[in-house]
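Chain lettering (A, B, C, D, E and F) follows the sequence in which the chains are written, and residue indices restart at 1 in each chain.
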Amino acid sequence: MDEKTSLFYEFKKGIVEENPLMKLMVGLCSALAVSNRVENGIFLGLAATFVIFFSNIIIASIRKRIPDQVRIPVFIVVIASFVTIVDLTMKAYFPAVYDRLGVWIPLIVVNCMILARAEGFAYKNPILRSALDGLGIGMGYTLVLLVMGVIRELFGTGKIVLFEKTIVTLGPVNPPLIFVMFPGAFLTFGCLMALLNRYEMSKKE
Amino acid sequence: MDWSLIFKAVLALGGLAIVFGVLLAVASVKFHVEIDPRVDEVLDALVGSNCGACGFPGCLPAAEAVVKGKAPVDVCVAGGKAVAEAVAKIMGVEVTVTERGVAHVHCRGGLSESIPNAIYQGIDSCAAAEKIAGGGKACKYGCLGLGTCKAVCPVNAIIIDEDHRRVVNRDKCTGCGLCVEACPRHLIEIVPRKQIILVKCSSKDKGSVAKKICTVSCIACKKCEKVCKYDAIHVRKNRAWIDYDKCTQCGKCVEVCPTTAVVKVTAIRERKSREKASESTPAPV
Amino acid sequence: MADNKKTAEEKRRPPEELFHIGVSPHVRDRDTTSSIMGWVIAALIPLTAYSIYIGGLSTLTVIICSIAGAVGCEFVLQRFMHKPITIHDLSAALTGLLLALTLPPRLPFWMPLIGGAVAIALGKQVFGGLGHNIFNPALVGRAFLFISWSKYMTTSYLQKPVAWVVNTSTIKSINAITSATPLFAMSEARKGALDIQASKYYLPLLFGNPWGCIGEVSGALIILGLIILLTKRLIDWRIPVCYVGTVMILSLIIGADPVFSALAGGLLLGACFMATDYVTNPMTSWGKAIFAVGCGIVTVVIRFYSHLPEGVMFSILFMNGITPVIDRFIKPRPYGVGKGSAKA
Amino acid sequence: MAGFISSAKRYFLTKGGVHPRQNKRTASIMVFPGPNPEQVIIPLVQHTGAPCEPLVEVGDRVLVGQKIGDSDAYVSAPVHSSVSGEVAGIISHPHPTGKDVLSIQIVSDGLNELSPEVIPPGDPFQISPEEVRKFIRDAGIVGLGGAAFPTHVKLAPPAEKPIRTLIINGAECEPYLTADHRLMIERGKDIVRGALIIKHVVGAEEVIIAIESNKRDAVQRMREAGQKDGMHIAVLPTRYPMGAEKTLIRTLTGREVPSGGLPSDVGVVVNNVGTAAAIADLFEKGAPLIERIVTVCGDGVAGNANLRIKIGTMARDVIEFCGGYVGGRGKLIFGGPMMGLAQYSDRVPVVKGTSGILVLRRENLFIKEPAHFTCIRCGRCVRYCPMNLMPYALGMYADSGIWDKLEQFNVNDCIECGCCAYVCPTKNPLVQLMKVGKEGLAKRKKKLEEFEHSFSEEESVG
Amino acid sequence: MIERILRLGLTLLIVSIVAAVGLGLTYAVTKERIAKQKEAEEVKACIDALPEVKSPSELKEDKDLEKRMKKKVEGVMKVYTSKKGEVILVKARGYGGPINLAVGIGKDGKIQGVAVISHNETPGLGANLEKEEFLSQFKGKKNGDPLEIGKDVKPITGATVTTKAVLTDIKEALKAYSLFGR
Amino acid sequence: MNEAYRYFLLFLGALLVYNIILIRFIALCPFMGVSTQVETAIGMAMSVLFVMTMATTVSWISWNYILKPLGVGEFLYIPVFILIIASLVQFVEMVIKKISQPLYRAMGIYLPLITTNCAVLAAATEAVKPGFLKLNIAYHFSLPEAIIYTIGVALGFGLVMIMFACIRERLETSPVPHSFRGAPIGFIVAALLSLAFMGFANLLGL
């Protein structure tokens, strides 16, 4: 436990060791659904990070006062409030992206990742730690979204478009559309996980 | 600013909250039941592969037993120390990890030392081969080398090479004893971890018979018995037996054994571990 | 020690003098995996040959690339994973051939190549190889191609068939306008956009239909293949019969021409050679029947109520997914268990 | 109501089963007397049940038919000497089951002097069934159909299960074997007499003599022999494993022995034709079971024949008597090719349950079995299993050690007939997996029981 | 016990009130912007569809649709009027969900332009409906013109459903226009 | 549109065409997490059916009789619906625990998971505040319609869960390459299943 108590570890663990998507396997829905574009990944990742960061702080600060029986409803209300704030803000200032992300912004509220952190971490830890944990988890989530986004957008459409500018193109090829469609999301994610498994197995050897 | 809207919002959300708050509160009083939540916690802490090494028929019964105080916190043999610590934490007690022994296979004869009496055709499993006319090995007591023990070991501590010799990786073995139960020839024994001088033969054949079918079998020549100053090694039922309480591990018997049936284990392990195949614990699907 | 070694070595009888031991039964049936796969390939040979005769070089290219993709991928993956190489059991070749038969004849060569490789990699080897896959590998390959490059998959049909076998002038003129498969023409006809009778298509569909996928050239040759498989007792009759039967009955109820429905759109190929794939259909007779009826229902639903021109591929894939459920819940009643054990 | 079913209907009641090549080359050859061995090895276990204790000591002289081993257990059968000579040793010797078994080694003096114990016990119809059973036990008679279950036990069904039908099993569905076939042709009258004795003992209403349709001459002979005694001669479809007790009962009566039950649960007793003949012999001549007909066959042995062989004769002597091995060593099998046991040594003796000695040449063996369960899910095993099981699932779970599943798939109803393995295109050793699975399941169940027991005990204390 | 119940209820209540106030405030702040954004989007589409209109101020939403059209036309959602012509917002069933278009019709009753408001079609297939070369085909069409796939309209390759949905949209718009009492 | 036909379309659309898991990518966490055994999957499916129907009903009522009249729906629906779901789940859990221990053992462990099951919120929101999931059908659900729709969603969830659990059970004995064991092969299967479900796209114009 000793080495793990460092504050930096609280932040870092969310990115690799306890990556919410690859390791804890929570928060999968949105990650798989919107990762067909890098841009979506950036926005959703930031939105989720915002929510998890602030809800972790709030929950950690009131944790001693919440009776056990209503803890889940309380968590949920806190989270839902932040989600609504993001929801309304995005609708107001980034309507185009909001349109594409569609249901996934409101659904952050039930993103397993966020409640799992509230319940599993913030409820049991002080504010600073919870904040760092939230930040780390959010970053880990965003990172995977970006990687998925790059793979899927590049292979599925042959180019990556960020803020209406084409960043990378594969040239005149016929990209396999499957990558930007539903099965492609599962496929890419499964293969990424297998790669990670392989990497860890070889490290263990 | 539209204060009436905010008022309405407070009314709606607050109203619902109070309704549900009271509902839950009343329910929590009315429907209160005592369930020991530690069972689930302990269950989560265990390895969860239902390997049965602990002697219970699965992880849930083991967890129940721990919570009822009928099993020690270190029940989970496959989990080792880390799991024991976690369980101890849940149960709020100190970890008292009992030192477990380590598995030792009482046979040295691989394909090149021990002769076959038939050509075995069938699946690679000692338990299965044993049923088919003894599995094709002339020695009726020796290891069949088809790896039933390896298959049951939850931590992959047993390695079997192409020559059908098996090596127990002492660092991995937790002494759970699953292999002891699995071996159809009853060749495996849990020996004290510190014990490195061991007999590696189980043949009850007379020396003259054993000699003909295996180059490394104990031939009951009693040389070890004579050389041992501590009265720790004896020949009974045509093979040597070591009394681990008396043995000081001086290694004299190893020196005199004409067939290398008594061995110093570390030597073998080093030789073999170099050949270890790529192995890793398969994750449950 | 050296002495001892010698005595045992001397005693070691040469293996010729040892008996074999093994479990009963000591005699075995002659069929092996490769002989079965070989027979299925043989049953497809007439169809394949005829399709090459009609489609010419482009058809041949598709077939060769598809088989090469499948067999090559199997070899590379098994080598890479240090598993025994099993390309000689012909199952990969069969997968490649069946994939080719479900593709349009004028695909660019790289598509069947990728399709074959995907079929084996994604359809078979990730699951652990022969016998472990859940979905029909050839159809996984086809679905991958279909979704990835659906433009090619829906437009690469023969423009000018190389050879003619049946006099099909009326139909020829219709297809010259719509340049599409009979199934498409009929769906237009049902909407009143075209005026054509389904029965006009019977003969071409049976004996020489160049409009469609490679394997759709001749229903009669598929039925010939089916007869070979049935007489060799390689497949259970329930699957082709229940599948085609369900489609015909439902078509009749809906008001479409049942014979046409049975002959058109790769249904025969799917019912005789793809739904019958051992690995991906249920193990029991009842299970097989349920599977086949399910395939039939889904095919009809997709064909007539969605916008995909033909439902065979999706219906078989869907029912492949249901197969483990069927296998788990449909079991034969063992001897002496349940009703039969009551006193007579 | 008679349980007997018309032959047309029988075909519909036949489920599963296979058609291996018959190879019944010895069907038309008369039974010869076997070799007169220099020594015999008589194992003290030749039956299902408790082993016998030796009644003689090293150095004793024994006579033909003398009881040399017996046990106090009910489910057991004594063993008798098959030669006259001197007991040379009581040794652990290889046994056809693959294990070493305590056996009595007798060096023959070549005289074959009959023991005075051997006297006919009198008219079986005049004495009570209990007494008949006692004589049968003393004569060491066990089932000659293969399982060697002590016949006196089988002939004592519990009172609450009245026996309606006695089936005399002359199916002999195994390829190669013709011992029962020859027996029916040569000694039909004895079989009928034996059957009548059994009928008397178990109180059956009807007797069916069941013969596969590939033995027309035997059917003819048995019809002649049994006609006036009112026996039904039933012709069975030729399909392995027609002769297995359970399939036989289903085919002949339409009844199914309940899972885990015995034939007597459906009012049936099944006995092999050889067993019936042995019982007839006992009451005619007083002869205990000291010899049996064995089919020696296969392309690996020079002469193929049916021999009347003394129990305890080593396979090596029998094969030498038949002209020795031909070609390289392949497989030596005790029993038929579908159910028989492969031997690692030809020093194993013929025992009461040995119906055939089969020698297969190496080049004709199928020696490419996979080392682990590999299945292409062709479903043939399911189609051909006469017990309606799902062998592939059993094999899969046995190989992966998932014992709990095996129970759901009824592994214990498997009769190990080998049909599944016979048809399997990937040559899976399914029968071996069934054996492993049954054992694994039993172990697992024992463990669970122990656990439950320990828990409930502690609970009642606390 | 009552105390416990009160405590539970109150905790939840307080948290909810705080949340409700916070959300109410956020809503109040963002409300107008959201409404504007939404309208701006539609208006932008309208301008795309009716190129002669230069600024949003020239457009006016026609609130009295029902009355003006007398008869209901299925897919018509909204109509904006201006001096240069009218923009009709229509909705039809596409492959992956509804397709919303703005169809601009000039005073002469001919289509001036078509703009996509939103759709959910498959990228690479149906999504190609956004392409200029597809949409521009409809310029100059008027009510009663034959609009047949393959003849008058070049379909989107491999996406018949999308093409048909767009055609439906356009036909509805033209039909609605023809019903406007003028 | 004929009333019964509309019900049918709603149901079919929710069940197959817009299958909540494979096409809509909702409720993936329980899909991956609780599908290792068929019994568990069935338990989860039943629990979801029960909770989802209740949640939709209560949400529908509170939306139509509280939030909409007050004009606060636009920004309060998320907290309100999720509060309803969370409280319901916890309430049901407590009741079941009291009433029947065996039922609790069978179902109880899944209940907490359902709170964070996206599907419940998504279905409730969709049924009450339509347009959420972009179905190709005219909206504004009456209460019976909302319930029919929700049952369709829940059964679609159950169907896929059971299929998936059976598949995983079969894969248990397969020599899947090491790096693909566990979750990765699960995702590959999900990919192929969703490929198969794409065949239903646009069924009946949905």
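In this text, a residue touches a chain if its C-beta (ideal position, glycine included) is under 8 Å from a C-beta of that chain, and two chains touch if they have at least 3 such contacts.
Please read all numbers here as calculations on a predicted model, not as lab measurements.
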item	value
If a chain touches chain C and chain E alike, it appears here	A, B, F
Reference chain B; chain at largest CA-centroid distance	E
Per Cα centroids, the chain farthest from chain A	D
Contact pairs, highest-scoring chain pair	C-D
Inter-chain centre distance, chain D versus chain F - centres from mean C-alpha coordinates, in Å	59
Whole-Å separation of chain centres (CA-atom averages), chain B against chain F	43
Rounded Å distance, chain A centre to chain F centre (Cα mean)	21
Cα-centroid distance, chain B relative to chain E, in whole angstrom	68
Two or more partner chains touched - positions in chain C	18-23, 122, 144, 147, 150, 307
Residues of chain E touching at least two other chains	4, 7-8, 11-12, 15-16, 19-20, 23-24, 26-27, 95, 125, 161
Residue numbers of chain B (touch at least two other chains)	5, 9, 12-13, 16-17, 20-21, 24-25, 28, 117-118, 121-122, 128, 131-133, 136, 280, 283
Complete list of chain pairs which touch one another	A-B, A-C, A-E, A-F, B-C, B-D, B-E, B-F, C-D, C-E, C-F, D-F, E-F
Residue ranges of chain B touching chain E (in the complex, touch as defined)	1-2, 5-6, 9-10, 12-14, 16-18, 20-22, 24-26, 28-29
Chain E - residues contacting chain B, complex	1, 4-13, 15-17, 19-21, 23-25, 27-28
Residues of chain A touching chain C in the complex	174, 176-178, 181, 183, 187
Contacting residues of chain E [partner chain C, same complex]	95, 125, 157-158, 160-161
Touch list for chain A against partner chain B, complex	69-70, 73, 77, 197, 201, 204-205
